[in-house]
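In what follows, chain A forms one complex with chain B and a second complex with chain C.
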Partner chain A sequence: MGRKMKDVLAKSIIYLATGITLCVLLFIVGFIFVKGISLVNWDFLTRDYNEKVFYAFVQEEVVPMTIDAASLSQKDPYDKRYESSLEGPIYIENIGAAIAKVAYKNNATEKEQFVFSYIEKDSPLLSAIDSTGKKLSIGTDYILESINGTDFEGLSLEDVAAQINHETGELKIKVVQPGGGVRSNIITTLYMVLVSLLIALPLGIFGAIYLTEYAKPGRLVNIIRFAAECLAGIPSIIFGLFGMAFFVVALKFQISLLSGSLTVAIILLPVIIRSTEEALKTVPTAFREGSLALGATKLQTIFKVVLPCAVPGIATAVLLSIGRVVGESAALLLTAGTVAQIPGTLFSPGSTLTVQAYYVAKEEGNIELACAIGIVIIVIVIVLNILSRITSDKLNVFNKK
Partner chain B sequence: MIYLIEKFKKEYLGRSIVTVLGIVIILVTLSITGFLFYKGLGTFVTYNHSVWEFLFSSEWKPADNFDGGGKVGAAIFIVGSLLISFLALLIATPFSIASAVFMTEISPKLGKKLLQPAIGIFVGIPSVVYGWVGLTVLVPAIAHVFNLPYGFSVLAGGIVLALMIFPTITSVSVDAIENVDNGYKEASYALGTTRWQYIYKVMLPSATSGILTGVILGLARAFGEALAVAMVIGKMLTFPDNILSATNNMTAEIASDMGNSAQGGEFNDALWSMALLLLIISFIFILIMRIIAKKGEEVK
Partner chain C sequence: MNKKIKFNAKNLDLYYGDFQALKSINLEICEKEVTAFIGPSGCGKSTFLRCLNRMNDLIDSVKIEGEIIFEGQDINGDIDVINLRTRVGMVFQKPNPFPMSIYENIAYGPKCQGVKDKTQLDTLVKESLVKAALWEEVKDRLNKSALGLSGGQQQRLCIARAIAMQPEVILMDEPTSALDPIATAKIEDLMSKLKKDYTIIIVTHSMQQAGRISDKTAFFLMGEVVEFNETPVIFTNPADKRTEDYITGRFG
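Now for the complex of A and B:
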């Protein structure tokens, strides 16, 4: 009886511990979702982090309102970013849009601003152009700063409406696209993934080929293995310091996409080598022998027989690497910077999603925005997980045959 | 004949390319190590501080200029790092081993379906996310529960790190347990043991070397994590009285001050020395892992 009791007790302890673990994970993910989900929407994904000010040219055209007054007031632009709606909205016929006055909250600074709350389908605002004739789109919740040089700051909503109704012909309006989005960070992350994989993938795959196919067991192989192991064990902040002192300062690459990618590429090397090696090892020796017996050279065997069989393994390596790049923070903080912009060249800085999340949480104390970015990151992580499961299943299927 | 030469050329080319790339990996490791030694030894060579002072003194007042003359005792940071990492290990290891046993022995089906994907996500979540969840939830909670003015503490750092190293230890332990010979299990049950007796007396002892590898891997990760810890540690330049007091650790200090100090100055060099120490410690962890792995193989 005592033995049985012990068995049950131990089992329940293990169930409890596992349960706690799962609860903690659920709590963390849940916390991030609850805090951040209200900010995640299409605009969040497609807008830049910084506000964008631009001038738009609009042909004045009277467009009558097609909805009734009650539903217009429903189109209050009030949402998370606004502290409160102060006046409004008033429909202005000659631009076919409604404007409201709100207290606009952005990164802890508060301002009274005029915001488009509703735009008619035929509104001339939708066919606005910039000074070079390129089409622009002005959407609801864009901020209206001035028309034809008249600054609206400090005016009441009625005055502004009267002012705009008074204007005729081509209107030059200054609008601000609200910031707070992560488009630039998503694109920087993609660039970072692309460039670092371009550097690390060939190196890693060839290194793995050397280790499994060419090298005879001996001192050199041991040293390479040890070196790869050491690389895998070095904390990422040290890679960051190395990248900062070597790529950024010594090679004068500046804090840039290139410095960041090179640093991350070094971090990825051991990951890629290990996964590729595992994949190459699972290819049956009989395949190699058969290929060599048919008169193929070793190189032909490797490239036409062994590597194609190992593709799912290499795909897993790529997915793992993408995960590493997405999750990397300390190394990229020091080498690629915290500027939320799309890097124009290899030598311009840009922050990835994770770095941006860190920056927003640490420097601005904006936990909600950080959590919203966290949601994007977690979704990416989940997708990568599912994909890598599929690819590794493929590798296993091949082995069973 | 020409065909043969072509063939030979191709073979030779392929071989040399992959060999060179293999050697590049060694070079990268060597250059990182060399570079850190070059930078990190400045404190001792240029500014004439003793290694003893660096490791065991707690007076940290490096001069941010090229004259030197400050104090570079990094003991507080070293103690902070050690304390937080071991606390994290203490918290994470029981849960990791329990989860690993759950996934392999108690309910493999549920483990594969529920726990494994969960751990996959756990690994993928960037450490800074753990950092700010710690900052917004854990730190106020600790302040509230223990009635402290601030919750920034060794405990907060330990818990955040424990969350981060949990998946590492778990997944390595699962591999180790799965590698235990199935014959052991059958023999053990045939002798009339209960499942718990098998797990406790047969399975875990034979998986020890693998589990230890996981634990040290976790320790290495905990030791090197920077930004998440920096958010919750409190950055106080004092030895912690207990696990509820704030202190500082090596990575947090490096991350916060490396950019603010003059290149090549005493302060900067002292930080590089800390980075060098971090590198040496991580190499020691790797060596320990190799020794454990070798011993494990010998036993088999």
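Now for the complex of A and C:
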């Protein structure tokens, strides 16, 4: 075989490998987007996973319909969560809104519910308040359950419409805000990123400073480095088990944001130490000598000259860490729980997006929803990456000329 | 010739691990003069210079024996190294301004000593830059990064930075070896002005430079001081054959 042939062969293998990698990547991202994108909308992002039940107090007021019947029936509030409209919609004048009877798509019991399908601009529903006088927002696809104590269960749409029309004065309506959103998961994820970085960054940076600036090269440093490298290679479920045994049980932190953050912080430490160490090593010795020759102490030299120079490297560490936290699921499943709620304190549980994706895919078999969550995760990772890149550019002392 | 002696090295030996880099150095360096150290690469001149402000402390394997008396005190003994370094400033071979603004570079040393007063710092920065003949060139861009300056300007900035500490001695380790002839001329010019106020010790590879600017010259070879005398004497009438050989370019 000639040299030319070998070259062509090697080249084609290289191109093929690159192509396959690219295709796989595109396929995965594409799959997630195609499967999940239909579920991603504003409501999905801003609603909690669990339904929210509340009583709305509404002053009855007759509002005529301003659109014709044909366009009313085309209003589609069902938001993919419902199979289809079973009956209706019917416009009810004294609350200025149309309701329809629908069945829940993913609900095993196929419960039939009444939802608002259209709300007029002047509808009294828009100025609804709760029992303490706080303003409530009611939107289309919210579920009606009762009015002034009359439960709608088992009634037909006409009966419900007649019932509502019959009431006068102040109406007390039991409304359910549909769940299925990921707001709590997004916020839990951001909390988790924040708290774990707050714990791991100082530890990691100071550890790296010790290793590069203070420690005399020798056995101890090698052991620390070896340990850090080993930590980086251990699967996160092991950290999860440790976190569960130590933080959750032994320290009695419960399954909580704190336990999760501490566990993830341990996972992050090796990454942060390694990247910071590399960053500190690239700071020229000339800067250190220059600073010391000016009568600065070692500590002043490290904090005023060496660390600012290492900012880009530390930013890389932060980037990698954010990716790790957002992507972590096994360890958090065991330490932060699967409760889809916003953790009120450090000691309350909450599920991050990845854990939630696992939960809905595994426990509910809802692949579409898991993919929709996947899209949110991808977007969050991209946004956080861009943000930290911008801050690192802003802080990079070598960029300013 | 009754100048006060600033540094007095007595039987100074220095080892890098097992390697003896300085062999029983005896030197007296006078105040407010330019003293030049010349010699081939690896002869120990930079190493000796770095002994004078204890920069060799940064290297773990270094072991020093003998004395260097500075203002009546042995600096190898139990002294405050930070204090020594504020009194003995240093300029390095490659310009090493910190990646900060020009102003911050000059104010760095005083700030580390706890000077916080803004007006005091402002005056100090201006005075230092004027003394280093850099003020006119940078007065409009004090808040710009020092990395934007040319090599020669950067080196003068480093000199200004050392001056801002109001030292007694300025050590210069081949300060012009990374610069072009014009920048070199400016720095040499600066040195002859500065010697009125400061004791200057310079390591140089260029014999012409030593001849032009120094009052006294020490010739180092293999870790020993072969000859130390008034510069004109060294260059015109060296006592040692090896000095003559080096100066006339027979080796080096």
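Criterion: the second predicted complex is superposed on the first by the 374 of 401 C-alpha atoms of A that agree within 3 Å, B and C clash if a C-alpha of one lies under 4 Å from a C-alpha of the other, contacts with A are read in each partner's own complex, and residues count from 1 in each chain.
As a convention for this text, a contact is a pair of C-beta atoms (placed from the backbone, for glycine too) under 8 Å apart; a residue touches a chain by one contact, two chains touch by 3 or more.
If you're wondering where the values come from, they're calculated on a predicted model, not measured in any experiment.
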Q: Judging by the criteria at the top, classify the pair chain B and chain C on chain A as clash or fit.
A: fit
Q | Which partner reaches more residues of chain A (counting touched residues only), chain B or chain C | A | B
Q. Looking at the overlay, what does A:L384 touch: chain B (first), chain C (second), both, or neither?
A. first
Q: Look at A:C23 in the shared chain and tell me whether it touches chain B only, chain C only, both, or neither; answer first, second, both or neither.
A: neither
Q. For A:T297, is the partner it touches chain B (first), chain C (second), both, or none of the two (neither)?
A. both
(Q) Nearest 10 degrees is fine: what angle do the Cα centroids of chain B and chain C make about that of chain A? (A) 70
Q: Would you check which partner chain A:G233 touches, where first means chain B only, second means chain C only, and both and neither mean what they say?
A: first
Q.
Which partner chains sit in contact with A:K216 here, chain B, chain C, both or neither? Use first/second/both/neither.
A. second
Q. After lining up the shared chain so the two structures overlap, which partner does A:A361 touch, if you call chain B first and chain C second: first, second, both or neither?
A. first
(Q) Under the stated touch criterion, which partner chain does A:P284 make contact with: chain B (first), chain C (second), both, or neither? (A) second
Q) Taking the superposition as given, does A:V305 touch the first partner, chain B, the second, chain C, both, or neither? A) second
Q | Closest approach of chain C to chain B (Cα atoms, Å) | A | 8
(Q) So chain A touches chain B in one structure and chain C in the other; where do those two contact lists coincide? (A) 297
Q: Flag every residue of chain A that touches chain C in the complex, lowest number first.
A: 216, 284, 286-297, 300, 304-305, 308-309, 397-398, 400-401
Q. Which bits of chain A are touching chain B when the two form their complex?
A. 3-4, 6-7, 10-11, 13-15, 17-18, 20-22, 24-25, 28-29, 31-32, 202-203, 206-207, 209-211, 213-215, 220, 223-224, 226-231, 233-239, 241-242, 244-246, 249, 266, 269, 273, 297-299, 302, 323, 326-330, 333-334, 354, 357-358, 361-362, 367, 370-371, 374, 377-378, 381-382, 384-385, 389
Q | Of all residues in chain B, those that touch chain A in their complex | A | 7, 10-11, 13-15, 17-19, 21-26, 28-33, 35-36, 39, 94-95, 98-99, 101-102, 106, 114-115, 117-118, 120-133, 135-137, 163, 166, 194-197, 199-200, 220-221, 223-227, 231, 251, 254-255, 258-259, 263, 272, 275, 278-279, 282-283, 285-286, 290
Q | chain A-facing residues of chain C, complex | A | 53, 55, 58, 60, 82-83, 85-86, 89-90, 92, 94, 96-100, 108-109, 112-113, 144-145, 147-148, 158, 161-162, 165
